[in-house]
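Got a structure here, written out as structure tokens. Questions coming.
Order of writing sets the labels: A, B and C. Residues in every chain begin at 1.
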Amino acid sequence: MAKRNKFSFMFAVVFIVLALVTAACSGNSNSTVNNGSKNNAEGETDKPQKNVTLTYSIWDKIQQPAMEAIAKEFTAENPNIKIKVEVIPWGDYWTKMSAAAPAGTLPDVFWMHGGQFVKYATGNFLEPITSKVQAGEIDLNNYAADLASIYTLNGENYGVPKDFDTIGLAYNKELFDQANIPYPDDTWDYAKLAEVAKQLSQPDKGIYGFGAKLDTQTGYWNDMLANGGSILSSDLSKSGYDDPASIEALKARYQMILDGASPTHQQMTDTEATEMFKSGRLAMIFDGSWRISDIDSSEIIKDKWDWAKLPSGKVKRGNIINGLGNVMSAKGKNKEEAWLFLKFLGSQKAAEITAEMGAAIPAFNGTQDAWLSSRPHLNLKIFTEQVADAIPYPSGSKSYPVWFAKEPEIMSQAWGGAISVEDAAKKIAEMMNQAIAETK
Amino acid sequence: MTEMQISSARNINWIVHIILIISAVVMLVPFVWMVLTSLKTTTEATQIPIHFFPSAPSLRGYIEAIKQSAFPHYYMNTVFTAIMKTVFPVIFSSMAAYAFARLRFPGSTILFVLIISVMMVPNPVFYTPQYMMMSDLGLVNTVTALWITSLISPFATFLLRQFFMTISKELEEAAVLDGCNPFQIYWHIMLPLVKSALVAIVIIQLQWSWNELQWPLIINSSPEKMTLSSGIATLVSMFGTDYPVLMAGAFMAVVPMIILFFIFQKQFIEGIAFSAHKG
Amino acid sequence: MNSRSRYVWAYFMIAPTLIGTLVFWGWPVLQSILLGFQQSENFGLVNHWVGFANYEKLFRDAEFWQNLRNTLYYVALFVPVTLILSTIFAVLLNTKIKGLSIYRVIFFLPQVTMPAAAAMVWVVLFAQDFGLINHILGTRVAWLSNSNYAMIVLVIVGVWGAIGLNMLLILAGLQGIPKSLYEAADIDGAKRFNKFRYITIPMLTPTLFFTSIILLIGATQIFDSIFLIIGKTNVALPSVRSLVYAYYQNSFVYFNPNYGAAIINVLLLINLLLTGIQFAFQKKWVVYD
């Protein structure tokens, strides 16, 4: 009997504890929501003064401090609007957004990528800002390199340009000095890159000349363009992967792994190429302007590295410019406030904060100089200078999210040595063309 | 026992010990390596030839991992979610299991098959429809969403039914004669008899809840609404192959459960043994 | 008690589980079945009926058959190995050996290690250049990207993580075997092995039946470890990609939830079949008291 009582007692205790915990917890989780609506009721007579908290979702933790600084500045001007900056890592970002979109739970304001934009805009998940533009609340001509056009669909504007990025060649000065080889400069071409990469490699020590990684925007897309190939045809209707010039460029990159001038694909999976560069084990690597502060934070390589332009290829110097945009949800509960914040994100003030903190190259014309001097020890102007060489990121179609997700799965078969580079390129072209046809 | 039997028993004991020691070492290697790597620098973690011990132990991994995540929230959410996902399934499942095992009623077979066939559906199937439900209820990005969909457990229902079926019917029959209703029989007589299975289920449910990875990642986006498992998974997306940070995060996620388990292992494991002996 | 009131009690007692199952699990499954016959657009907000088109495409897809083979291969390796090792450890730990409780704790530790954390450390252990495993073996094998070894790695990680729980369940089963049976056998002068063969094993069959079903169902759903350890740019992915992995990719990455649903519905059917077979054959080998 005693045993049985003890048993029931245990259950009772668990239940009571549970009840307490539940009460405490639900109180907690509801508080933000309640706050909003309570204040809403109080301030009904004075509508613009209602207190709201907006969620601003971004994917880059490195830019979080800058985004929070902008949000703080905004709240100082609009004390009734608080901003919660939320970092969702790139790897989970689009999965989460694609669950949130149909459910109507997209964040109030969030970062948009050119590749994903069309899918969200055609589904009417983004709030058009065309009327605001026409009313003169914001001037889209303020932004560099026609970036606003990325976030325009069928004559409707949806996004405010945030920043842009291009690709550079990062090099480890120490490894060049040790080998008595002059640093990369504007005169370099791909032949020179391959030659020097071989000279700098010491595989027995785990040091390689170049990270010939399996990557698109910071990898072989630049090679393909420089060699006269293409990623997509200019009308976005056909893949350029099976262009002989594209295939030749892909083969040349893979050859660097075979030559021992680059770590293998598995090595670069075990340790990311950028991570290898940061620990001084790669002499050269292509990387995007968004990785600057990440690389510069490495104690090992600090003050021993710099940037150069990408090498030129048979036809030209390849590069890709991509502009991120800020957009707002069409189903947000506080769209008026969200617009105020979106407008502020596109302001000169926000761009200056972005530039000064070295977070990204701001899109707002005239603020890029501040970014260039944010890290005076680095040759950052190669990024803005290469805008002239660059083609826009190959987005702008509904099929992009599909083929872009499948592309690395096929290419990794070549990079891992299971099929030839040529076969992989042709398979990718076929897959892309099919994806384009299916989403027509 | 004869001399020979005793010496052969001793030999067997030795063999058993050796097998167990080797296996234990193999089981432990990942933990040891996790701790060692977490204290290395990023470069040392991937150095060739490998260093077993960090040459200059550094806490950078821990500092970075803590800075980029919300561990206090992770712990609280994980513990709370685990309690909810353990207590309710144990109660509900044991009730249902008893009914399925002992109370013959129309439709019992089909309903039982229906419930356990749910086990055969892979978890990702539930993500989209359950996300929609949570969004209709306004529960996206809340702690409630972490557990509300898991208050029942087909697995526990199945396990407990197996246990109830092995219990002899005599005890019950006596209780029926005393005028007990089925719920009273279940609560006062049957439940204490399957205590060992209940302990096992508590452990299993706790552990499942503890390990659940994808659902919190999909339903919640604020770090303060994440659990340990999903929280440290976002470290991978953030830090790539910066192994000391990942290992530090993993270690901090695993350690509370290990400590809990060390403290309660007698109740956990021997509780099963002990109550079964009496039963 | 009359049968009428027994029914009422029975329905009352299964109600929470039944309702919960139908709402949170049954409804999504129904949707999944419907999705398999539809073509969705705009994140699933627009759906057209397409009959068996998704299944026709599926059965002509070589990748699907490869994924099915991979899944069954994993099941065929993982389930028996886990079951045998768990039983061995449970039997060894069911004796009065020294250090018993420490062993039990150690074997259970992987069980309390979340897959996300475990995956991270296994990736480091199996790394080609700086991995401990290559160091100990004196090899330089790229374990994770070798199409022959990648599956073995997944099985090792799976077994490592599963032994603790199954050992515990079997241990509970062992403890439940009445001592009187062994005592009677001792009087008859039975040998150690014979006692194991004729008392332990038969008495353990209900537990083994249960654990084998749970293991089987779990194994057919392998996903997390492929996702976390192998990854999407791995040359070995085609040789380990499971049905659930393909489902996840189609539903959440390729924006093709219909094709994903078709894949998962086939798996559901397979699982029902496998479990059905096990239930049908349980009378042949499972001894209920």
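The rule is simple: a residue touches a chain if its C-beta (ideal position, glycine included) is under 8 Å from a C-beta of that chain, and two chains touch if they have at least 3 such contacts.
Bear in mind that the values here come from a model prediction, so they are computed numbers and not experimental data.
Peer 1: Suppose chain centres are the mean of their C-alpha atoms. Which chain sits farthest from subunit C?
Peer 2: In terms of C-alpha centroids, the chain at the greatest distance from subunit C is A.
Peer 1: If you tally the C-beta contacts for B-C and for A-B, which one comes out higher?
Peer 2: B-C
Peer 1: Any idea how many Å lie between the Cα centroids of subunit A and subunit B?
Peer 2: One centre to the other, that is 36 Å.
Peer 1: Could you give the separation in Å between the centres of subunit B and subunit C, each centre being the mean of its C-alpha atoms?
Peer 2: So the centroids are 14 Å from each other.
Peer 1: Which residues belonging to subunit B are in contact with no fewer than two other chains?
Peer 2: Subunit B, residues with two or more chain partners: 46-48, 127-128, 236.
Peer 1: Residue numbers in subunit C touching 2 or more other chains?
Peer 2: 44, 127, 129-131, 252
Peer 1: Pull out every residue in subunit A that's touching 2 or more other chains.
Peer 2: 95, 99, 102, 206, 270, in rising order.
Peer 1: Show which residues of subunit B lie in contact with subunit A when the two form their complex.
Peer 2: 42-43, 46-48, 68, 80, 83-84, 87, 91, 127-128, 131-132, 135, 140-144, 187-188, 191-192, 195, 217-218, 221-223, 225, 234, 236-238, 240-242
Peer 1: Can you name the residues of subunit C that touch subunit A in the complex?
Peer 2: The contact residues of subunit C facing subunit A are 42-45, 123, 127-131, 142, 144-145, 147, 231-238, 249, 252-256.
Peer 1: Along subunit C, where are the residues that touch subunit B in the complex?
Peer 2: 1, 5-7, 9-14, 16-18, 20-21, 24-29, 31-32, 44, 89, 92-93, 95, 97-99, 101-118, 120-122, 124-125, 127, 129-132, 135, 160, 163, 165, 168-169, 171-172, 175-176, 206-207, 209-210, 213-214, 217, 220-221, 223-224, 228, 244, 247-248, 251-252, 257, 264, 267-268, 271-272, 275, 288-289
Peer 1: Subunit C touches which residues of subunit A in the complex?
Peer 2: Per the stated touch rule, the residues are 95, 98-99, 101-102, 119, 122-123, 125, 206, 214, 264-267, 269-270, 401-402, 405-406, 408-409, 411-413, 415-418.
Peer 1: Within their complex, state which residues of subunit A touch subunit B.
Peer 2: Answer in residue numbers: 3-4, 7-8, 11, 14-15, 18, 21-22, 25-26, 28-29, 57, 61, 84, 86-92, 95-96, 99-100, 102-105, 107, 206, 270-272, 274-275, 278-281, 300.
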